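The following pair of complexes shares a single chain, chain A, combined with chain B in the former and chain C in the latter.
Up next, the complex of A and B:
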């Protein structure tokens, strides 16, 4: 059960400073000033950049103004369906405290690289798929299938309107073990390798074979191979202590999609 | 019963491939590396289609992947369609070509673009939420459930298996 409301609040309120600039090849006339914006770590770029789009539309050629919008960081196209905090933690150098510099594009959408999320319906559909998948891992899908459409809507609206209480009123049911179980069956987690967008999928139980609650130290052992040792985990911009319990992490440090998104640091042996 | 382990998927995919090789119909097994779920079945063919009621018939190339879902523990069907000029069919174009009679509000729950879990590129995917149920209903316990899966889901996206796969109709 996600008891620690303080932690939930802190995670919810995490923000990133972004500095947006236009694509030089798309500008017509005067060059626009950059646009600065604080965005929630937990949301998705297409949901929080309406203002950015409106601001830059005036400066770009008419034929591009209805194009599918996308963003890049240092030439790397940003996955629109990854939470902003995940993108930031994977790409932005830790030591760098300046706003994250992104370029907005209105044309030449990289069709072979990025999943297109150019409508709220598509993002909502993706979000609901993530929730279903997470629930299948935690509860065999039993909790989410017992919810009504209005509960699903409340989660989505809570997320897009930044309403913590509205969101958690429903999400707490997804964060409880099912029935008389002590913990989740498996933990929904994306383990990112080597600071790129790819991740490992593995069934991770929160309980070890000996029946003990697993900690990150146990998870490190699980992920290590003779060639490569897992030495640390990071999420929401925080380095995690190896004694942190995996079940607790799933309940408190998951993104609204109900997944833990962990960057794993490896050391070659 | 409805859960398929990675080992099950791999052995059934290899069994399926043996039949395919005898038939010479072109399925291959693609292995990215030895980790779960990085080996999947692949098949391509060209189909004639009309992207909208007023347009000409054109040939598009469709590539299908049968990939194991670690979370759902069932196979999943992914595909990509390209025009002869190399351009990728986006979501709306794919819906028009492959599922012209389904309402878009339903399509959001059935067929959407997602990231391929092995290749990390955009692919169209049939949603897996009901696959376990469906396979339970239609498959026999001893049958090759990868084969059953392809025969049940493939036709919805213009992928038909030859009768010679031994499926009773």
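Up next, the complex of A and C:
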């Protein structure tokens, strides 16, 4: 599995510069300066914005201060349970090198569009569910169910405290093929093709019918229909080469939830 | 039974994609939750997990304070905004998506 440890490290260290602004309608008195923060691509907004929340609370009307916090980009509410890098890549298909301008809100939580995942406990249980689902796809759930509670905790703590070694000491067991297998049963992958945050999930085997390891070019063919052709994939802000093996990608380019989150470009035929 | 048929009607209307084939969902009660007699339902593929949770909640006439938890194949709890099609395509067996529902976290 992870011989390419450098890749894992580089993915882990990916960050996004964010410029947070207050919601004008929630401010009392003087307008606060924006708050700048570098956040991990792999983490989740509710896990990295304690400081941001604390900073703006001073400027917010008292009745909103304990409200459920959420964020928007150009009026688009951001899903709190998607990794930050996934949100950024969907809204920024082209890297523009300027900080990402988000607005923080303390009131009017958009219940219709966002799942209320603003406590760390809710997010942790969502994260564990993703890991379980991913393991069902990779190993029929056999690896994660053989782990102990302390291993699950170590994954979560490694993620929220940004501890690469702590996280990978456990995650490597999830990222190895089971027993004497050469690859996963299926690849946990979420395919996005729009900026509306919906995704497609389907069974993708890492092995082609002829018994070869599948490449991205094979995956492109698999996802293409007579109406539209898949022509490109991006993740972590990187355009992926079509010779890349799908199994290798799953082991090295998955988010900490053990899913590959790929933006797919389609071309009408 | 008339009641069940009525509810099935409500499950299958408002399709966002009328051409998409309906998905067969098998609802199993687990723990101390009341049982829904009709276990097999057909659902529009683009309906979300939270939509099914609300349906069960309403069908069982639960209190507003009570919560419905859903699990796929007794293994994991799908996100509330996950759509049924994605779950069926990855975890469906024998033409059905098997969901377990309860009032407390079970396989959390």
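Keep this in mind: the second predicted complex is superposed on the first by the 267 of 269 C-alpha atoms of A that agree within 3 Å, B and C clash if a C-alpha of one lies under 4 Å from a C-alpha of the other, contacts with A are read in each partner's own complex, and residues count from 1 in each chain.
Basically, contacts are C-beta pairs under 8 Å (C-beta built on N, C-alpha and C of every residue); 3 or more make two chains touch, one makes a residue touch a chain.
Everything numeric in this text was worked out from a predicted model, so none of it was measured.
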Ask   = Following superposition onto chain A, is the placement of chain B relative to chain C best described as a clash or a fit?
value = clash
Key: Which of chain B and chain C A:133 touches, first, second, both or neither   = both
Message = Looking at A:111, would you say it contacts chain B, chain C, both, or neither? Reply first, second, both or neither.
response = first
Query = On chain A, which partner's contacts cover more residues, chain B's or chain C's?
reply = B
Query = For A:101, is the partner it touches chain B (first), chain C (second), both, or none of the two (neither)?
reply = neither
Message = I'd like to know which partner A:67 touches here: chain B for first, chain C for second, both or neither.
response = neither
Request  = Using the superposition on chain A described above, determine whether A:198 touches chain B (first), chain C (second), both, or neither.
outcome  = both
Inquiry  = In the overlaid three-chain picture, which partner chain does A:122 touch, first (chain B) or second (chain C), both, or neither?
reply    = first
Inquiry  = Let me check the overlay on chain A: which residues of chain A are in contact with chain B and also with chain C?
reply    = 79, 81, 115, 125-126, 129, 132-133, 136-137, 141, 198, 200-203
Inquiry  = Quick check: in the complex, which residue numbers of chain B touch chain A?
reply    = 35-37, 70-72, 87-88, 90-91, 108-109, 112-115, 117, 120-122, 127, 129
Key: Partner chain B, residues of chain A touching it in the complex   = 79, 81, 111-116, 121-122, 124-126, 129, 132-133, 136-137, 141, 188, 197-198, 200-203
Chain A-touching residues of chain C, taken from the complex the two chains share = 50, 72-73, 75-81, 83, 86-87, 89-91, 105, 108
Key: Residue numbers on chain A that touch chain C, as the complex places them   = 79, 81, 115, 125-126, 128-130, 132-133, 136-137, 141, 186, 198-203
